[in-house]
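We just call them A, B, C and D in the order they show up, numbering each chain from 1.
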Amino acid sequence: MKVSIVYHSETGNTKKVGEIIAKGVKKVEDTEVQCMSIEEVDKEYIEDSDVVIFGTPTYAGSYSWQMKKWLDTCKLKFAGKIGSVFATENYLGGGADNAELAIISELLVKGMFVFSVGSSKGQPYTHFGPVCIKDGTEEQKERAEIFGQRVAKSAKELMNR
Amino acid sequence: MKVSIVYHSETGNTKKVGEIIAKGVKKVEDTEVQCMSIEEVDKEYIEDSDVVIFGTPTYAGSYSWQMKKWLDTCKLKFAGKIGSVFATENYLGGGADNAELAIISELLVKGMFVFSVGSSKGQPYTHFGPVCIKDGTEEQKERAEIFGQRVAKSAKELMNR
Amino acid sequence: MKVSIVYHSETGNTKKVGEIIAKGVKKVEDTEVQCMSIEEVDKEYIEDSDVVIFGTPTYAGSYSWQMKKWLDTCKLKFAGKIGSVFATENYLGGGADNAELAIISELLVKGMFVFSVGSSKGQPYTHFGPVCIKDGTEEQKERAEIFGQRVAKSAKELMNR
Amino acid sequence: MKVSIVYHSETGNTKKVGEIIAKGVKKVEDTEVQCMSIEEVDKEYIEDSDVVIFGTPTYAGSYSWQMKKWLDTCKLKFAGKIGSVFATENYLGGGADNAELAIISELLVKGMFVFSVGSSKGQPYTHFGPVCIKDGTEEQKERAEIFGQRVAKSAKELMNR
C-alpha cells in the first residue's frame, strides 16, 4: 500500500513532523511512503496512493493560504482514497484543530474517506489529527509517529489490503 | 453489507429523508439497511454494520441536542466503520451544512472513516451530506436517494466487499 | 459611520452581491459605504471603518484561496471593529455556510466583533451571513439588502453612534 | 456594565475557570459580574447584561450536550449582546477549539456580537476563547483571567459605556 504525505512548510517544522509521521507509516508491513512539499509533488505517486496525509502550519487560526491554493488548484483525483491531516502551530491554542477541520471539509468535498483515529485506539488521542507546537515536544513527536502507524494500519484493515 | 441509518426526528421530516436514503442504499447489490430512531435503536445491527448514516434536524444552526446527547452517551463502537451524515432544515440557509460538519467532527473522534461523496461523482453534489428543506422538494429527495446509493457503492468498493 | 465591503470576485457575482448589501447599508442614516475588490482596497477607508463586511465565492466547500491569502497577508488592523461575512455559491449545498464560518474563524483571531444577524430580527434569517446562488434570485438579493441594513443599524446601536 | 458567565460543569473544572474569568472581569472599572451554572441561572441578570460568556467542558471533541440543550431551549434574548466562550478539556488536542467554535456558531444565530480577543492584544492569545486542561495550569489560569479583563474592557470601549 502506498501512502503520500503532502505538506506546506515555511520554517521546516511541518516538514519535520511529516517525516516523523512517515516513520510511523513505515512500521506497518507492506507499506511504502513518500513525503512531499506542495512545491514539488510526485503526482503519479499520489494518484497511486491509497492514503494521502496533508500537513499545514496554522495561519491566523486556520490552514495556510498556500495549502488552500494548492488544494483548490492541483487537479489531482483524491476521490475514494483515505485522507488524514496534521498541523503545526507556534503555541498552544493557536487554532490547529480548526486548521485541521478546515482542510477536512475540503477533503470531504473531494470525495475522500476522512480518518483521524480520534480516541478510538486509546491514548494518545488525535482529534482531528496530531498537532505539534513548532516541530514538537518529545511527546508530540511520539504521538505523530503513532498516528502515522495507526492510519496506515487502519487503512489496510478497512481496504483488506 | 449492512448499513444503519440512525436519525433524530421530531416532526417526521428527518425520518422521511432517512427512508429515502435507505431506498438508495437498497439499490446496491448485496446490501441490507435498517432505519432507526435514536429512541429505539437496534444496537446489535449497528455494531454489525459497515456503514452508519446519521440524520438530524437543524436547531439554531447546528444539530439537535437530542442527537448530540445520543452520540455522547450511546456507548456503541463506531470505530473503523464508514460514517455519513444528512440533515433537514426549515428554510434555505438554516445552517444544515454546519449541523452536518458538527456531527462529522464527533464521528472523527469516534474513529470513523467519514464520507460525504462531495463533488466526486458529479451532480448532484453533496457537501457535506444531503440537505432537505423540511421533507424535501422532488429534487432534494432524488439527491438523498442518489446519496444513499453512492455511499453504499463506494463503501463496498473501498472495503472490497 | 463608515462601512467597508471587501470582496473577492472572479465572475462578478460576489461583486454584485456586495453592491446590493451596500444599498442596504446606505438606507441607514449617517452611514457611508465603500465596496472594494481585494485587488484594489482603500486601506485608509477600511481602517477608518467601524464595520467591515467580507465577501467570497465558495471554492471546494470553503472560501477562495485568494480571499484567504489577502486576509493572511493584508496587515490591516481589524481589531475592535464589527465584522460580517457573505458568500456566493454555484448551487444549493455548495458549502457557502462553511465558507462563511471559515472566514469568521479568522476574523475572531483578528479581534473583531463578529455579527451575522442570524434569526434575531425575524425573517429573512442569515446564518452565518447571506448566501446567493450565483448573483442571487430576487429573494436572495432582497435578503442581502436587508442584511446590509440590519448590520449597519445594529452596529450603530451597539456603538452608540 | 453587567457581565454574565454561564457554564456547564460536571467535575467542577469549568466552574473554577469561570470564576477565574470573573476575577479578570472585575478588574475593569464599573463592571459587575455573576457566575452561573446552567442548572440555576438568574434570567433577569443575564437579560440585563451587556456581555455573556459561555463555558463548557469538551465532550467527544465538541461542547457538552447539556450546554447545547440549555442553549437550544433557554428562550433568553441574547441578541445585540457581546458573546464570548471558554472551554476545558482533559488533555491537549481534546477538541476544545472545536467546542468553542460550535458554541460560537449558535451565538451568531442568536444575533450576538461574538468576540474572542484572538491575537489582537498580544500574548497570551485566545483563539477562539481560553482553554484550560482540566482546571488549568498556572499559565492557563492567568490567560483565563486576562481574557476576562480584555473582554470586559473591549466591550466597554465598543459600547462607549
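We take it that a contact is a pair of C-beta atoms (placed from the backbone, for glycine too) under 8 Å apart; a residue touches a chain by one contact, two chains touch by 3 or more.
Computed from a prediction, not measured in an experiment: that's the story for all the values here.
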Shared chain contacts [chain C and chain D, defined touch]:
A, B
State the smallest step count from chain A to chain D, taking one step as a move to a touching chain.
1
Between chain C and chain B, distance of the C-alpha-averaged centres to the nearest whole Å
32
So how far apart, in whole Å, are chain A and chain B when each is placed at the average of its C-alpha atoms?
25
Multi-partner residues of chain B (at least 2 other chains)
60-61, 95, 98, 101, 105, 108-110, 118-119, 125, 127-128
Chain A partner, complex, touching residues on chain D are 60-61, 91-98, 101, 118-119, 123, 125-128, 130-131
Chain B contact footprint on chain D (complex, rising order):
59-62, 64-65, 68-69, 71-73, 95, 98, 102, 105-106, 108-110
Chain B-touching residues of chain A, taken from the complex the two chains share:
79-80, 82, 101, 104-105, 108-121, 127-128, 154, 157-160
